[in-house]
Amino acid sequence: MLYVEINGIGFHNPLILASGILDESGDTMKRIASLGAGGLVTKSVGIKERQGYPNPVIYELPNGMGLLNAIGLANPGIDSFEEEIHLALDSGVPVIGSIFGADEEEFAYLAKKMEEYGVNAVELNLSCPHAKGYGMEIGVDPDLVESIVKEVKGRVNIPVWAKLTPNTHRIVEIAKSAENADALVLINTVKGMVIDVDARMPVLSNGFGGLSGPCIKPIGVRAVYEVSSEVDVPVIGVGGITTGKDVLEYIMAGAMAVEIGTAIYLRGIDVFRKIEKELKDWLLKNEIKSITELVGVAQRR
Amino acid sequence: MLYVEINGIGFHNPLILASGILDESGDTMKRIASLGAGGLVTKSVGIKERQGYPNPVIYELPNGMGLLNAIGLANPGIDSFEEEIHLALDSGVPVIGSIFGADEEEFAYLAKKMEEYGVNAVELNLSCPHAKGYGMEIGVDPDLVESIVKEVKGRVNIPVWAKLTPNTHRIVEIAKSAENADALVLINTVKGMVIDVDARMPVLSNGFGGLSGPCIKPIGVRAVYEVSSEVDVPVIGVGGITTGKDVLEYIMAGAMAVEIGTAIYLRGIDVFRKIEKELKDWLLKNEIKSITELVGVAQRR
Amino acid sequence: MKMYRVVEIERIRQEARNVKTFRFADDSSPLPGQFYMIWIPGVDEFPMSISYTGALKGFTVKKIGRGTSRMHDLEPGDKIWIRGPYGRGFHIDKRRKSLVVGGGSGMATLGPLIEEIKGDVIIAARTKEELIFTERFSHLNPWIATDDGSAGFKGYATDLARKLVEEREYDIIYACGPEQMIKGLVDLAFERDIDIQVSLERLMKCGIGICDSCSINGYRVCVDGPVFFKEELKNMDELGKVRRGWSGKREVVR
Amino acid sequence: MKMYRVVEIERIRQEARNVKTFRFADDSSPLPGQFYMIWIPGVDEFPMSISYTGALKGFTVKKIGRGTSRMHDLEPGDKIWIRGPYGRGFHIDKRRKSLVVGGGSGMATLGPLIEEIKGDVIIAARTKEELIFTERFSHLNPWIATDDGSAGFKGYATDLARKLVEEREYDIIYACGPEQMIKGLVDLAFERDIDIQVSLERLMKCGIGICDSCSINGYRVCVDGPVFFKEELKNMDELGKVRRGWSGKREVVR
């Protein structure tokens, strides 16, 4: 009922762990798979070890709206990541290696390494909103996006997913420039800031951060809806998914699968199991045999 | 303690009613002024009467996160708006006439009319995220923004405020292209969509809508912070302001004053009075004589 | 903060020509005079007073346009989306002797109120076929008025009300119906120094007090009303005169 | 969902060389073993166990680096920003005879626990000047151990604990301190078939279970811990061996 296939990779459910949330350590990823996730995206890894920003790197928004974070692409560097990938692969579910680089060459190198480590696909982080020279700074330039995707596609045989930013007015244009990828992932966090009035300064050490969680769900659903009708590759929805109904919203907007991050904070590490149950219950009640029947049904035709 | 002056216009407090919320009728605006607002921005008015979109035009987000709306720039047309302006001016607080048009000429014509009606300033809506051919579609083109502002400035003698969209990665560039205006207003709503899973379609009749309320506050604070350090004109903050602390966040980020809309829904029509009290209490406790001392203090220098 | 929920129509009853009552289960707790927004996906969303409170709730709907026509096509088992309850309901004091005046579909709004007060009820309509709730409240011996005299008193509800007010003593008038009727009753109440509460109708977009489309003299019918009290009605000079169309433009009240 | 609040330092006490206790009022209700994130704007944010619960709460802080050094410069009347309480505290069963072992600043974490249990307490440190809470718990006649023998038992806390366990009967060991000490006590507990709960420390970025920086064998110290139970410790092969640095890279535990 929940089985989906993307680029020939089978997922026992469409609920994939999003990049950057509990996916630095292979053991943690294994645990999350054992608690119901249908797939795992790793933390975004770069060429060299990176400390990221000093604390505070996270801020809890009120009323369960979500989080503001600026971890700053902290990562141990690709060379130290092989062990984590192997542990994650032990889980039995598909593992997607997320990578970030400054140019075509870095992305291609990292993708190749990930392929060697055995991942099922790579996800290009073209969308982190708070790291200078990476992510979103690259991801709003359609030409650069196109050439990165092309370069990576030419160098690896596994599927290549491109993760895009919502922090632009030309999301459809950028999606089209990335259509050479095997799937598009929408959305990364939304650029934001919280100021502590008593401290008279931004809370995060980096000042700016990325919003995640329920407060960005309507932005993610909108992005998936806008893009999925304009491209021919599968779209994977991310942003604020916390319940089974949220998953359905993204699927009906046009997503083939979803990624989930902040919900772990809101509902616990077994949130994949909970969401899976909510999904199943809804599908049963509505007599739907396969969730794939619902992909894009909310699109106007 | 709360008095501010923008472009020579005095506001007894920096809490201004935002465009589109309870400002279609002069009587309602008068009532809001009597309940504490320091200034009033009218609903955005165009050349001709416009029905806007059919219902549903509004969706209430869960947990007090705010609203998604697509009213669709419904308005009675500039010729029918004189009476409302006169009533609003009766209130004694400054009235800012908001206008939207498709090109330089429409904006200039509307601004001139507003000036004749007696408003204290005009606000150019360059940022509505859900109306074809207006607002945001114009507001993401720096050249067009520049020439609209220039045209309007050449035709009226009252101050001209430009209201910008957050739905772009080049907000600073656009702000600079609008610097010819007397003040910049940030932000309008953020483009979003909500799908009703049981109905299998978007809730709003227009599909897309604009997010407002607490869920966009970090986006607005970020925009004000980014822009105010790069331009020489006053910035007015809007987006999700619900409490006195929210106002302080915007002021510390660099705003000279703020506009408030969705908070009326969350805290009642007397929200201006409530926020004014919260602000005063905080300023007293922190021994601040004038709120203007706090403008931009969270900016890193 | 009231989100949509889907409710299933359990029973439907034809109340009068063009008026049907739809019963459904929902666990909100509306007060008499409050309303909901009903959404029929792909068709329309519109305000509707609660006409039956309790476990099996009801809307009593007159067929007017797109939304209400589609509603009239629904059958038991069909679904509607609702949000609410919204607005300020009637303030009820059971000890006061009341005169309730319902004109046309205005009776829908008054149904739950009538169950809680003591006094007299006038059910009015243009003609016999448009009277509603005469059976529901037959145990109260309601006064009937029709413009054409096809049942009960021949004439306007206001005329009958004036007669009753002159003959009997009332502490308060409760009314809902065409705005000219309401205006007449408000004038009567001031003239005879009787208290009054009326439920108004205006075009509504948001239903939650932010769009200004329902406003009358600065009061929002959706949040400050729909029920208004005598003090507020005193200076409401737009009553029976001015309302706003879908664009927000001032229109004359028919 | 715990937002920052500003609290004012009311009292400060020098507990030992490089260790101070800061007392403040806050109306959260932490359990023994829980922690907070302390933010000193412009400097750092770091985790800190609650060392005094009740109305006048306390943090007992060892000077380690940037954040804790600045904390040591604070004076009464100064402010800190806190969020919490976070994590899983100790599971306390007052009937069980307990042995509490605190090494160095680990005693900070154990303070509120000791007030609720019955049994023996070992306060250990490298040297006399680093012992903390000997006065606070003098009424309990705590056992003292120093590596250099400058006070009490000469040797490691684990050695003293082993001696006590051999001489006396305990139902449970509670421990907090250097990871090698904890590792020793866990081994001892398995060896002697005694129950055990330990509070671990790891580098923490988020404190709310999403960044993975504090994880040990797939358990998040910040949410699944910091207190871990015997079943969980059984297969925790990274204990005393591997942790993660600020980049997320594996490091050897000293």
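Note that the chains take the letters A, B, C and D in the order they are written out, and that residue 1 is the start of every chain.
Going forward, a contact is a pair of C-beta atoms (placed from the backbone, for glycine too) under 8 Å apart; a residue touches a chain by one contact, two chains touch by 3 or more.
Being a predicted model, the structure only gives us computed values, none of them experimental.
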Smallest count of steps, each to a touching chain, taking subunit B to subunit D: 2
Mean-CA-position distance for subunit D and subunit A (Å): 36
Subunit A-subunit C separation of Cα centroids, rounded to whole Å: 51
Interchain centroid distance [CA atoms averaged], subunit A/subunit B, Å: 33
Centroid distance [mean C-alpha coordinates] between subunit D and subunit C, Å: 66
Subunit D: positions in contact with at least two other chains: none
Two or more partner chains touched - positions in subunit B: 62-64, 201
Arrangement of touching chains [line / ring / star / complete / other]: line
Inter-chain touch pairs (all): A-B, A-D, B-C
Residue ranges of subunit B in contact with subunit C within the complex: 21-25, 27-28, 30-31, 43, 49-52, 54-58, 60, 62-64, 67, 69, 71, 74-77, 80, 83, 196, 198-199, 201, 203, 261-262, 264-265, 269
Subunit B contact footprint on subunit C (complex, rising order): 1-4, 6, 37, 39, 41-42, 44-46, 79, 81, 83, 205-213, 215, 217-218, 220, 223-224, 244-250
Residues of subunit B touching subunit A in the complex: 61-65, 68, 136, 140, 165, 167-169, 190-195, 197, 200-202, 207-209, 211, 214-216, 218-219, 221-222, 225, 245, 248-249, 252-253, 282, 294, 297-298, 300
